[in-house]
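One structure, as structure tokens, below. Some questions next.
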Amino acid sequence: MTVYQLTEETAWCPGCGNPMIRRAVQQALNELGLPPEQVVMVAGIGQAAKMPQYIEMNSFTGLHGRSLPAAIGIKLANTELTVIAQSGDGDNYGEGGNHFISAIRRNIDIAHFVHDNQVYGLTKGQASPTTAQGQITSVQSGGVKAMPFHPLAMALVTGAGFVARGFSGDHEQLVTIMKAALQFKGYALVDILQPCVVWNKINTFQWYKKRVQPLDDNHDTSNWDFAFAAARQWGEVIPTGILYQVEKPTYDEQYGFITGSAPLAARELAPQQAEPLLQRFY
Amino acid sequence: MTVYQLTEETAWCPGCGNPMIRRAVQQALNELGLPPEQVVMVAGIGQAAKMPQYIEMNSFTGLHGRSLPAAIGIKLANTELTVIAQSGDGDNYGEGGNHFISAIRRNIDIAHFVHDNQVYGLTKGQASPTTAQGQITSVQSGGVKAMPFHPLAMALVTGAGFVARGFSGDHEQLVTIMKAALQFKGYALVDILQPCVVWNKINTFQWYKKRVQPLDDNHDTSNWDFAFAAARQWGEVIPTGILYQVEKPTYDEQYGFITGSAPLAARELAPQQAEPLLQRFY
Amino acid sequence: MDYSIFIGGAAGQGLDTLSHILSKILQRSGFYVYTTSDYLSRVRGGQNFFQIRFADHLIHSATSRLDCIYALNHEVLLQHIDRLQENGLALADEEVPALDRLTRLPLRAIAEELGNVRVFNSVGLGYILKVFGLDFDRAQEMLQQIFVDETMFELNVQALHKGAALTESSVPVVPGKQRKHILINGNNATALGAIAAGCRYYCGYPMTPSSSILVFMDAVSQEMEIVVDQVEDEVAALNMALGASYAGVRAMTGSSGGGFALMQEAMSLAGIIETPVVVINVQRPGPATGLPTYTEQGDLRFVLHAGHGEFPKMVIALRDGEDAFYQTARAFNIADKYQIPVILLSDQYLADTEVTLPPFDFSKISIERHLADAQAYGPGTYYRYQVTESGVSPRLIPGARGNSVIVDSDEHDEKGRIDESADNRRTQVDKRMRKAQGLAQEVQPPWEFGADAPELLLVCWGSLAGPMREACDQLNAQGLVVRALVYGDIWPFHTERLHALHAQAKKLVVVEQNATGQFEGLMRQEALIRADEKLLKYDGRQWKSDEIVAALKEVLS
Amino acid sequence: MDYSIFIGGAAGQGLDTLSHILSKILQRSGFYVYTTSDYLSRVRGGQNFFQIRFADHLIHSATSRLDCIYALNHEVLLQHIDRLQENGLALADEEVPALDRLTRLPLRAIAEELGNVRVFNSVGLGYILKVFGLDFDRAQEMLQQIFVDETMFELNVQALHKGAALTESSVPVVPGKQRKHILINGNNATALGAIAAGCRYYCGYPMTPSSSILVFMDAVSQEMEIVVDQVEDEVAALNMALGASYAGVRAMTGSSGGGFALMQEAMSLAGIIETPVVVINVQRPGPATGLPTYTEQGDLRFVLHAGHGEFPKMVIALRDGEDAFYQTARAFNIADKYQIPVILLSDQYLADTEVTLPPFDFSKISIERHLADAQAYGPGTYYRYQVTESGVSPRLIPGARGNSVIVDSDEHDEKGRIDESADNRRTQVDKRMRKAQGLAQEVQPPWEFGADAPELLLVCWGSLAGPMREACDQLNAQGLVVRALVYGDIWPFHTERLHALHAQAKKLVVVEQNATGQFEGLMRQEALIRADEKLLKYDGRQWKSDEIVAALKEVLS
């Protein structure tokens, strides 16, 4: 296996969930046999967002909170690319909240892998949108006052066609989910529970391990109500797996001209082709 | 009635729903007998956001999309104020989408009145997040490609304690809803269906009129599932009224020191009170 | 021959349609046309107006004096009647109260007689055409274009003739001879420039006065195979454009000041990931919401210093419709050549003013992508940020077998991997900054108009080009020895001609459309030259040529 | 007496705790302390270090030379051993490979013997304390403070003594005499200044190196009754602060360049609604993410021209911890007095460097709100934007019976209602801009150090104050005649002293922590003075005093 090579060194802590997620992405890409020149990974800023540093592949590491807009721009410019937006919970649900809603509404054909460690890792442990109410951090010394954000339920309500929950500690399932997300035509959200050993002492590996429970392999992934109930389940049992999977027209294909022949990025440019537009001004 | 006086002139078109909403706000405020010095209206930019121009009251007209942050700042600085954030669908669900999520999660004690004309009125009719998929506008000449945003369902999923849908054409109900929202302790969302006679030729007064159907006065407003179903109902019948109303701790009161004695804005400032903090550095 | 017709009233009274039809008739009748608009930020009501100047020679500005006023209400009439020339004609409906010099016409009455009050303006149009002895065939042609519905078309034609029947031709007009010009505003010219340059991706969030670029791009999206997208906010917009550009298409976004303000972080991103992009800021008066539908040159320094941190960029102010077309196309080449953001600075005046121009020559546009050849790189040998003498690294787009294209907003090494060492930092900063040297070679000198050995040097920039050019002509005609410099390329800053002319002239006056003289500050900074006088206008209304002349005379006296 | 101790290793090895304990021991032992840090943007691994300089006299900079190196791994040792003074001491665990001049100690072995490898660093600390003959009581006191757990505390004390037992006191140290100083970094000093000024609202989004302000404010939030809020993004942050300020509390927000970039539109809002607010930009090297944990003065012009459109603002660069305290407090008064945004410009170096300072004098802080008296206004007579000679309008906060407080981001009339007329526009722009005149009176001259009739004039700004001051002393000691100007108030720009000294000196050299000489450009713009030389450092590491001296000698030779 020489493609999607992993770097030996990373800046992640021993025990962190990120390396597990990295292994899963690598395996998913390889098992699907996606040629690396056709894949782009887009990230924001954060511990999760360092992922592209550590896999040999095309990548765009942009701004904190802005992985989705960049990913969308890339996809629209070249629909032949498989585009993965890969970043943290703070990145996607905090700073990038507006883009998250908008990406779902667009049903743009990208795979969205969110490393959800329920904390801002890189900046030293402040609350993220998914941190539990009441949890104490360096900036929430009195406990988090806001109610947590529910990414999966939100995505379902907003019309997402592919909604899944993974766990960095369940490698096999994660690979399966990722492969399905990558192959899904449309926006595919995978929220990945990931322990942060340094900053989140509540949602530890053990905490997740005790709660996660894979959904029955044969459950009906077209049942929205079931998926919604599973998405909202967050307690002694946290269901994982592909909650919902139903295709609908993607944003990109609605452009019509965008698919077919060459990708936009490869089409010939000739100024004089635009000359007839002048007619409108005579 | 000399308080909350309305200006005679407005820049709104004849037939627009905005003047109706203005009348409802005025009546609600008056019927509640809220002294105007205790009320602030906050708006963004748009046709809806011109509201504060046309009512005599304290107001903060800020930036497009940013009425909620300003409203939150105002409330936290002076919890004795009744704060109303009043703006358009583009303002709140488009440019301001991230603040919308965050305001709900905070359960900050403000009333949020969204004039939902399903279009960008002031900038001449482009699609808003609530414009129907496929609808044709000046910038979506091929029809809107994205799926619409569902503000009420979103609010419920994110934990909002007060969720209502009004219609500018049902004055009495609107006044009732607004009064309840103003009295509600916590974040209260009122999405107000409002025809735009110039730019939205689909969702006209008639279109709404035919569909809106007030919820039974006696329905159980603490039934989340019922509310959620009603929130998602959008077709031949569109239920209106207070869908859900359940109080929970507000963000502001969680600060503890914020309530009681004088509002923060009125507390005495004395530099030397901070001097003991120096101890930490000896 | 040189006339100005004023059409004023409230929003929603069909002023824009009337003005458009009249401008097109004049254009198609062979005149030079210059149509400015003045509208409030509202959909109905208020006092708006259009001013159509037409002549048998080149014109470059609106003027203060009016030859004809067509007023749809009393207020607008009162506000502008003072500007009417001695022999000028003021027209209004009978319902408008009588006023000295006002001709009241039965416009509404005729329209009602015809069975539809909405043809009101066509009655007025007929009257005006007749007074100026203009071509009714052109008028009919235009009405046909506008009113697709056959009965509405017929009704308007009738109204036209009824209006014409009310008067005689009384104003001497020479026949227009310029048959080949297009009539276009700055925003559409910019859009055409982008399309000609092969822009394949344009996104934005509606914001006056930039929105019409989005509208035009959308209208031709299918035909030209351009992805045009209204996005959730301006923060997204520039990040998206950068994504698209990284993936290989030419990408652009645009807004006005407030929206541009939201793009600052991504501007800085463009700088460090060295991804070309073109961004237009169509200025309106600030701060914040300000005057959304008026004009100003108030964002110059904001744009110049856009984005945190340090990185090379180029700023080009558009000067007129033609310039808008060619410079926009040029911007894409420069962005690609240096892998930098290029910012176009326009304003509401340029954006909305419709002017007759020689048709743009698309054959003059060349598309220079400056992309590296993927074949040249063996597996694993491509480095996105390779250190080169020019500072420009070879650019591949994703898709090259065996090589990853890695861009990163952190300080990175040649490969694109995070490297926080001091050595690497210096190396990469130096590499990026070296591009400024090449860029300096690209700079075009400012335009120059007027006398050769000037006593008075006038300096301005951007959309003041037209008014300044006319003012300069008028001043020279009045015996002063004046030369004008009009900056288009703002950054890098061109100093050579400024120094030379400054050395010659006795006085240097800067004319700007803002309150603080932002360009003058830049001149001090870059050329160590301080203006002797600054003429600053910041009421949202563009300097007219005659206003510049008058203001200059005042400061000179 | 003047020593520098270096503590280096990987993130997660407890460097920060060790450095903190040692710095506090030194402070409490009566020395002047100056502790700088150099860390990577990661939670574990990499090469980080702290450098603790201490002396029996005032010190203002880090130095290149080291007297003691305590290295937790081989790499960091190799990178820095060249900086060790001739008689200097290099320490490491036995596991680190042998090296010339390196003393290897059984740190880990002793810790393991004590039953807990984590007390490793206390062994090292004991050794260092002993070598420098420092006070063990102070050490025990600190350990007690850090290790609340009694057994852990005991274990660390044992480790301390075991470490001490390994050596003898060998470095001559005079007893410290300065018992009253606090040890504080720039961010905490800033936070204290804000709190002293009565700031009741601080919000922000975490961003290195500004986050520690948020952390400190949060820690004292309950005690001081300050609303401290981590918000959804930086766009929200400034809008929230403006809301809070409108409602009557003193409000502040802060970030670093990227987050500050997201506040541009709201900065402009502050300008037009004339609502006071204090914003701090703790700079780090850009563009975009850049070097998140390093230092730069790269945002000067970005900050100066922040916000679209034109409005008065003030920009103050913080120069050291004391300045951070007093200037932050002053910023609130100026913001309130002129109803403008005041921007504080700090940087990672100042933010993180811990220095002994005389305790801040809270009695020197006065709180001047400049609020109008609600009683003075009869019903309906209050106008938020009343036109005044100073340009400052009376400011009420909501709550005044009978009067509405109306602020609007559109151009408005005196009452706060939208008014798009040209007349009103001019009136309101003029009103706002007149505030610049008052503001100009507030400007404090730059600090000056050095010789009186200088041959060489050095100019710098912000956190270079300390290094520059020391460099200036050193240069004068070496026989040059040098004076330094250190700007704190950046805008409005103070020119008087600059002109005077420039006229005297033969040469003017600007020293900055960026690649383009941003301040030098401002000097050209505002004073028409061009520097003869620019010393620019942009590798993310702050100029040290000896580096400035060396670099200067090079350009002068």
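By written order: A, B, C and D. Residues from 1 in each chain.
What we mean here is this: a residue touches a chain if its C-beta (ideal position, glycine included) is under 8 Å from a C-beta of that chain, and two chains touch if they have at least 3 such contacts.
Since we're looking at a predicted model, the values are computed, not measured.
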| item | value |
| --- | --- |
| Most remote chain, CA-based centroid, reference being chain B | D |
| Comparison of A-D and B-D by number of C-beta pairs in contact, larger one | B-D |
| Centroid spacing, where centroids are CA-atom means, of chain A and chain D in whole angstrom | 37 |
| Rounded Å distance, chain A centre to chain C centre (Cα mean) | 40 |
| Whole-Å separation of chain centres (CA-atom averages), chain A against chain B | 31 |
| Chain A: positions in contact with at least two other chains | 45, 62-63, 95, 97-98, 101-102, 129, 142, 255-256 |
| Junction residues of chain D - those touching two or more other chains | 40-41, 221-222, 232-233, 235, 258, 265, 269, 273, 288-289, 408-410, 418 |
| Complex contact set, residues of chain A against chain C | 35-38, 40, 42, 45, 50, 52-53, 56-63, 66, 68-78, 81, 98-99, 101-102, 255-258, 264-267, 269-275, 277-278, 281-282 |
| Touch list for chain D against partner chain A, complex | 12, 40-46, 205-208, 211, 214-215, 218-219, 221-222, 228, 230, 232-233, 258, 288-289 |
| Chain A contact footprint on chain B (complex, rising order) | 95-98, 101-102, 104-107, 129, 142, 145-150, 153-154, 157-159, 232, 251, 254-256 |
| List of chain B residues in touch with chain C within their complex | 9, 11-14, 45, 47, 62-65, 94-95, 97, 120-124, 126-127, 129, 138-142, 198-199 |
| Interfacial residue positions of chain D with respect to chain B in the complex | 28, 182-184, 188, 192, 195-198, 200-201, 203, 220-222, 224-225, 227, 229, 231-233, 235-237, 239-251, 265-266, 269, 273, 329, 359-360, 362-363, 365-367, 369, 397-410, 416-418 |
